[in-house]
Amino acid sequence: MFTLQQIAETLGRPVEGDGTLRFARAAEPDAAGPDDLALAMSPAYGDALRAGQARAAILWDGADWKGFGLKGAVLVPRARLAMASITAALDPGPRLPEGVHPSAVVDASAALGPGARIGPFVTIGADVRIGANARIGAGCAIGDGVVIGDDALLQPRVVLCERVVIGDRFIAQPGVVIGGDGFSFVTPEESGVERARKTLGDQGDIREQAWTRIHSLGAVRIGDDVEIGANTTIDRGTVADTVIGRGTKIDNLVMIGHNNVVGEDCLFCSMVGVAGGCTIGDRVVLAGKVGVNDNITVGNDVVAGGGTKIFTRVAAGEVILGYPATKMDTNMAMYRALRRLPRLSEQVAELRKTVAGLVPGKRDE
Amino acid sequence: MFTLQQIAETLGRPVEGDGTLRFARAAEPDAAGPDDLALAMSPAYGDALRAGQARAAILWDGADWKGFGLKGAVLVPRARLAMASITAALDPGPRLPEGVHPSAVVDASAALGPGARIGPFVTIGADVRIGANARIGAGCAIGDGVVIGDDALLQPRVVLCERVVIGDRFIAQPGVVIGGDGFSFVTPEESGVERARKTLGDQGDIREQAWTRIHSLGAVRIGDDVEIGANTTIDRGTVADTVIGRGTKIDNLVMIGHNNVVGEDCLFCSMVGVAGGCTIGDRVVLAGKVGVNDNITVGNDVVAGGGTKIFTRVAAGEVILGYPATKMDTNMAMYRALRRLPRLSEQVAELRKTVAGLVPGKRDE
Amino acid sequence: MFTLQQIAETLGRPVEGDGTLRFARAAEPDAAGPDDLALAMSPAYGDALRAGQARAAILWDGADWKGFGLKGAVLVPRARLAMASITAALDPGPRLPEGVHPSAVVDASAALGPGARIGPFVTIGADVRIGANARIGAGCAIGDGVVIGDDALLQPRVVLCERVVIGDRFIAQPGVVIGGDGFSFVTPEESGVERARKTLGDQGDIREQAWTRIHSLGAVRIGDDVEIGANTTIDRGTVADTVIGRGTKIDNLVMIGHNNVVGEDCLFCSMVGVAGGCTIGDRVVLAGKVGVNDNITVGNDVVAGGGTKIFTRVAAGEVILGYPATKMDTNMAMYRALRRLPRLSEQVAELRKTVAGLVPGKRDE
């Protein structure tokens, strides 16, 4: 149970009305009962707030809280930022008993920090180091030589392969796989796909070819304050390590291939794929289903819209979209013109007829 | 072993010939041995049926079953619907011993329905309720407060996070993750990506920015008769729940982000991604690799072809295709015109030359 | 520890300089310490090699190894092929203790080959056969009747469902799911999506429809020397088996739907999706995020660039790109024309004005 006063302090804002109001959970404004804290941080939620039964709410700055019949409120200027504070305060987080579950298989050489909690059916390999207060959920598999910082949270069934190194305050959603082998194969002779890439379309004479494996000797290094979404995979490097910078957040079902170096404070949405050997700058935002070809450089502060496919270098600060990627406004101009293209084709056909009638030589025929 | 008579009854159709014929399994017509039931439900399979050794077959309506040398047959008008009945009759399903495997870690407060089967290395949290005859495969992790209806089948390694609620007859293929945290982050100041979205391309002055986490307090609610494919992920809501309606079927490697509300009887094929905060109607069919941007409304009965990327509201009943999505026939007209565009460009260049020669002022120069 | 002489023998090339030099690991040229073997197999790495401290290196053919101050070197003509040999020699591979871990649940009817290693929390079903020297990582689930060849490596948390059959030297990265049920549903009446596919856009009258499941009776058959990436899923067939040919390599987060028949020596990069019922030839290379619609035939030696969406048959040897797929050079010509389309539209508008002024009838108005 929380009081409105406590939430106001969390938000760094004054209480309006009765700060002693208590509630157990937050709720959408229309679904809120009398003991819920309604979240209605834009005027668009006004009707919904009236439809619900909340006695206290977090409202947009300047809202007439008494007009909504509330007993108390906190007004906030930036709704989503307030959401971060409120949800952090109200999130109980996953419950994991203290200590190491008796079913866990922990190598004698592994070092667990004070307060670390290890769930059922976890395996922890040789020479692993896990930081203070880390929570390792059911069925995680931690390979030899892995290092995890303090305050990590691994949800169930996360796999960290050998020698992966991760900073503090790491969060992995269920099913994450970090440190699988890179996808790297070579044919004894130059392959058709190598030739097609050089010539942009011609693979030359076709020959039988089989693939020889290039093993992955590198690892994965991940900075502090990184979060990885459910069933996302990050491959180890061939010789050097694959790197994810501090503060970067990665959504579900993302693929980060081998030897990529991803900067700090990036945001990669679901189903992003970064092929391999790329250098991605800091604060890069890749929307859902963006793809990056191998060995590409993407500068700092690039923003790529949903579904963008990046085949060539992107300069710092560009906002891009499309397949293949171009600047967003160029892409939208191209697309508007494409929508009118069937009509344009008709106009050209008419013009050709008209002009043929105007040409003297033609007219005389 | 089944008799042809039994299959005929399953299909609600009469037996042709010898209903006492017995077989252990169904087979493709050309691969069928004398003790297999051949499935050849369209005339296209006629030659394959002759090439095999089947003595009994399921055939298309009106087929000359004696002409294929068969001893017995059942003729069906709608092949795929017949497949549903036949395969259901012949599917042994995964085998799971009765009761709770001794290795499973089941919280004392969990309630298991009669006939529920719990496999090895399963964890079941506090206050979980699992319905009658549910089968929970090896290594599944069920978080605190989860509710699963009757007759559920969870294949191995499924993760259901805290407070997920699921109806009856649920099927989850291996590796499914339901209830991971939503991907929701905010910067203290307005971020470059927020500005780029408002302006469609201009992110304004670039500033350093780091991401603050918005925690997920909601859960996931799933109706009756839902099936989810291997390694698919469905995130919990921020405050309200993420919702999947009754009868909806979801394929492998699909991502359903936080706060989406998906209707009933939908069909989402593999690698579909629905970003977050969307409202998807009933009976919506999204083909493989379709993407839906965040906070989009898709009406009832929409059909989206493979790879479609949806950025704006889609009206009920529309059939759409493309990146960005347009009506399918518009998309195909645009594409046909695009294929002819290099030729069109040449025609315009010629026209410009011809017309320049016709303009009096130009001619006089 | 390895000697330079040993590496030279692995590569089948002569040693230059001191073959007795010893090192523990390979390293990028600029990061290499005095006890590392630097890998610098193209002149582009010359500066990096000078910046590092390596005393031995693998260099490109013709390199002036003494000029880089090295004590020894091996020169190789095809860098990536040399990488395969070197990395194979230096890869320690995952460590798994001999024998069957006491926590594993192995059915009494399962047959394990000599030297097979079974990790913690593994389940192995009835009538399973696992070949010699196979390594099954922590938490894998192997269903009834599965057959795995010799020298297999299953990383942690791999699921092989009932009756899957796999050849020798198989490698599965963590989280792979093979043999989940196919995604196959049917409506009692013809559905809107069936009609929309026939008419390319018109789904006719909209009716309520619910989905009936077609069960999957087939299995998955995988040849020798196949590798599958992390969290990839391959579904079982409906009646016949889904098939992956010998030597084919598949990356992370790929989806191979039911009833596909994939040829030999193919390379499918991350996030490729093959819907179902397709026939893919030998040596086909599908780059990242390629999609193949259902029931499509793709000929031998086809190369598809990143993001290509294949809706129609592809002839053997074609190099294709785009959404929808066309030959790569056609696609690039279309795309260049599209980039100039806004300018072309302006030119046509000007032409129309000019020509209107030239037409006598118009001029007289």
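Order as written gives the chain letters A, B and C; numbering starts at 1 within each chain.
Everything below uses one rule, namely that a contact is a pair of C-beta atoms (placed from the backbone, for glycine too) under 8 Å apart; a residue touches a chain by one contact, two chains touch by 3 or more.
Molecules present, by chain and UniProt name: A, B, C = UDP-3-O-acylglucosamine N-acyltransferase.
Quantities reported herein were computed from a predicted structural model and do not represent experimental measurements.
Note on chain A versus chain C: their Cα superposition corresponds to a rotation of 120 degrees, in steps of 5. In this structure chain B contacts its sequence twin chain C using mostly different residue numbers, the overlap staying below half.
We define each chain's centre as the mean of its Cα atoms; on that basis chain B and chain C are separated by 22 Å. In chain B, the residues that touch at least two other chains are 103, 121, 139, 157, 175, 231, 253, 271, 289, 323, 338, 341, 344, 348, 351, 355, 358. Residue ranges of chain A in contact with chain C, taken from their complex: 103, 105, 121, 123, 125-126, 139, 141, 143-144, 157, 159, 161-162, 175, 177, 180-181, 183-188, 191-193, 196, 200-203, 206, 208-217, 231, 233, 235, 238-240, 253, 255, 257, 271, 273, 275, 289, 291, 293, 309, 311, 323-324, 326, 330, 333-334, 336-338, 340-341, 344, 347-348, 351, 354-355, 358. Contact residues of chain A toward chain B in the complex are 25-28, 31, 39, 78, 80-81, 83-84, 87-88, 90-91, 94-95, 101, 103, 119-121, 137-139, 155-157, 171, 173-175, 227, 229-231, 247, 249, 251-253, 265, 267, 269-271, 283, 285, 287-289, 300-301, 303, 306-307, 317, 319, 322-323, 327-329, 332, 335, 338-339, 341-342, 344-345, 348, 351-352, 355, 358-359.
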